[in-house]
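The following pair of complexes shares a single chain, chain A, combined with chain B in the former and chain C in the latter.
Our next item is the complex of A and B:
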């Protein structure tokens, strides 16, 4: 018991030190590191918020690109007329509302039908906005007012921190337990008195909020956006892969997965500009085949193999 | 499409008649164009339906097999081989690729998955990775440019509506292939094994069906249909290595419309979608894809099991 408490204090101390380090990073490190870490945080936010809903419930959502894109377009439409924090909030709320609507319509769909619907949603929005921009507004892309790299970094860090607290508390609360039981056996969960539908919709919408906020921030760094950048289907699949690569069993699994994958992507783009997608695809296949429980699962397995550590507290 | 009134004609009725004729031709134009497109949609959807319906792989990389078929045909054409004749090459090559992929990658995923639902998830992601790999290998081999060739491009007249002959050949082949495949499933011994595996893989295995082989065969046949579809597409449309995803999505929409795992459903869904696309294109060209998704999502909400689904 004593050990557990000291463990917890250790983790808390570690998190605080890490946070201070991350917060002071722009003062210490190069511009490149700041930009790279912004991308890392963007992917972490999308992956962790994806896992918030899809991890425990087992509903594979391919809609992240839709929610992200809503945030990006909010930034493009309102960036000039409103202060940035308000834009980010509205971007998040826009995604939240879209997710409420989509959730209310679709969360009774089971398994593969839910996957298809969410995938279709991204493409529907993409093609509708392309049509709208070409025929109604007469533009293809839009400019987004820019801010400094450091500001973008701090905004991402803020959203990330809020997201981590939210995720932590959901996991620890009775709602997290309820979500878990929905994933195990939905009917049984309903019979124990959980309002299954409401809980699913709300969690789906909360996770969408963070994706929208990340999109609104990221748009300011891209300066020019068009529908294909904003609603890139890649952004729907990446969080799924990153979460699986990291391991969904633990809170830090998706973070590790997203961080490694983003760095890997960046590394491959600079080193192998012509073959990076190919190499990336091969790495994805290898990760899916050889790391079914993710990096965290692998580490836990290795940890357990150390002699005398058979009953380790993981 | 306003009726042309020649300056000499004084009769109002005459011009009205001509207006009706033009409107009829216009409708015929739209309907035939829809059917021609629908044939291709149906063919590629049959492949995807088989892969998901039996092998339980939601093949996001389906379009990449279509692209491979299209490029193999184009490549053989540049070496002087007749596109229709090249169907005999592109089909088997892609069948082998598909079956090998299933025997190596997907069989491994299937046997190590905790549950059928988990397998559906991981196999879909593996397909997404395959999409990257196949697409980029194709770019390395053939380059990223748009390619095309002209084959049987002379027009054929249908009571005033004109269509390129290659599109009619495409439709004919699509229907023929669908029919052959349907008969294979319904009559052949192997077809029976496939249907048994679709209903209950475990029991089919107990009844002496070599389940791994049958599932690999199904995945391979799905890839074969995609490849043949791609070869036919290359005869009338421009092709490029990144063309796959659009066709994958269309095939997905068609199988949801027709009902997962049903071949007649795929054909009904394919022709329906082709018609819708053609009608919407004639009114507002930019909105055809939006209309597809709209129908797709509506169908998922109203009757996710599709028109012919149980």
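Our next item is the complex of A and C:
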């Protein structure tokens, strides 16, 4: 018991120190580090919010790119007329509402049908907006008002912090347990008094909120966007790969996965610009074959193997 | 007034009438047995009561209130809980969490986690599973998984419990234990409807039995009446069988 308490105090202390370090980073580190970490946080936000819904329920959503794109376009449309925090909030809310609507229509679909529909949503929005821009407004791309790299970094860090609190709260609450029960036996969950439909739709929408917010922030760094940049299908697959790579059993799994993956991407793109996708793919295949529980699973396995550790933490 | 009453219940799958025009009633505090050959429509009737399926026609009243067409979670929160023929447990969760979900989301929502743990622990003890509370549900034996389903159902604090073949696949000792559990649940004041193929158990535990055949109700009565009914013996127990009773 005492050990558990001191463990918790240790983790809390660690998180606080880490947070202070991250918050003071722009003062200490280079511009490059700030920009790289902004990308890392963007992927972490998308991956953690994806895991919030798809992890426990097993409904694999390929819609992140759609929700992210809604945020990007909100920034492009409202960036000049509203202050940035309001734009981010509206971007998140836009995705939230879209997810409510889509969730209500599709969360009765199971397995591969749900996967296909969510991916279809990305394509649908992409082509709808291309059509709209070409035929109605007569443009193909838009400029987004920019802000400094440090501001973008702090905004990402803020959204990340709110997301971590939300995820932590959900995982610890009875709703976290209920989401897991939906993934295990949805029918039994419904007959145990859980309003499965409402819970699925709301969680789906909450996760979409954070993706939209991340999109709205990220757009300001890109300065120019068009539908193909905003609704990039790769952004739908990345969170899935990152979450699998990191391991979904623990809260920090998707964070580690996203962080390593983003850094890896950056590293490979700069060193092997022509082969990076190929190398990336090979690493992914190896990870799925040899790390079924992700990096976190591997770490836990190694931790247990250290002699004398085996009984210490039970 | 009966606690549960169904009038003219019908349900068909394609051209097959799984349940056709069945009237039934369950009295407060009793144990009603539901028997019939495979495919007679017993589980379909359970699915209609618990709203897993929507009836083609008919109305169901629970404590006088029309509950036809409500969602499963609403039915559960009104006080009707069920178990499943093929166990549907939350396999990767510890037994305790399985039961806690019932406490959290059943008839009394808004329970603190402390109270939910206490309640779930008590129910696991009631079901004889206290030693296994942190075991993942998938690692339990079939008999214990069935008990776990019962504990989870009880955690929602039902007034009416629907048990779907709780004894199927159990050995004689486990059946005896299951029968004991059913009686203990009745002693708590909970009304029970049970589907069962284990004749010995149903004859001994139930106060009243209803027989379904090809989706129709063909008989209803005390265990003795059912065991001696010509129709029932012919369609269900076989020509020469004289089961039950004794």
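Please note the rule applied: the second predicted complex is superposed on the first by the 310 of 314 C-alpha atoms of A that agree within 3 Å, B and C clash if a C-alpha of one lies under 4 Å from a C-alpha of the other, contacts with A are read in each partner's own complex, and residues count from 1 in each chain.
Following the convention adopted for this analysis, a residue touches a chain if its C-beta (ideal position, glycine included) is under 8 Å from a C-beta of that chain, and two chains touch if they have at least 3 such contacts.
Owing to the predicted nature of the structure, the values given are computational and were not obtained by experimental measurement.
K.L.:
Assess the superposed three-chain arrangement around chain A: do chain B and chain C clash, or do they fit?
P.N.:
Result for chain B and chain C: fit.
K.L.:
Would you mind checking which one, chain B or chain C, touches more residues on chain A?
P.N.:
B
K.L.:
Examine A:193 and indicate which partner it touches, taking first as chain B and second as chain C; both and neither are also allowed.
P.N.:
second
K.L.:
Contacts for A:244 in the overlay, against chain B (first) and chain C (second): which applies, first, second, both or neither?
P.N.:
In the superposed model, A:244 contacts chain B only, not chain C.
K.L.:
Which partner does A:13 reach: the first (chain B), the second (chain C), both, or neither?
P.N.:
A:13 sits against neither chain B nor chain C.
K.L.:
Could you tell me the angle at the CA centre of chain A between the CA centres of chain B and chain C, given to the nearest 10 degrees?
P.N.:
Seen from the centre of chain A, the opening angle is 80 degrees.
K.L.:
Determine, under the contact definition given at the top, whether A:83 touches first (chain B), second (chain C), both, or neither.
P.N.:
Touch status of A:83: no partner.
K.L.:
For A:181, decide between first (touching chain B), second (touching chain C), both and neither.
P.N.:
second
K.L.:
In the overlaid three-chain picture, which partner chain does A:60 touch, first (chain B) or second (chain C), both, or neither?
P.N.:
first
K.L.:
With both complexes placed on chain A, how many Å separate the closest C-alpha atoms of chain B and chain C?
P.N.:
12 Å.
K.L.:
Where on chain A do chain B and chain C both make contact?
P.N.:
none
K.L.:
List the residues on chain B that touch chain A in their complex, please.
P.N.:
52, 58, 105, 108-109, 112, 117, 120-122, 124-126, 128-133, 135-137, 140, 245, 249, 252-253, 256, 286-287, 289-290, 293-294, 296-297, 300-301, 304
K.L.:
Mind listing the chain A positions that touch chain C in their complex?
P.N.:
Interface residues on the chain A side: 174, 177-178, 180-181, 184-185, 187-197.
K.L.:
Mind pulling up the chain C residues that touch chain A in the complex?
P.N.:
50, 52, 71-73, 75-77, 81-82, 84, 88-93, 97, 100-102, 104-107, 109, 113, 116, 149, 152-153, 156
K.L.:
Flag every residue of chain A that touches chain B in the complex, lowest number first.
P.N.:
Residues 58, 60, 105-106, 109, 111-113, 115-117, 119-121, 123-124, 127-128, 130-131, 134-135, 233, 237, 240-241, 244, 274-275, 277-278, 280-282, 284-285, 288-289, 292.
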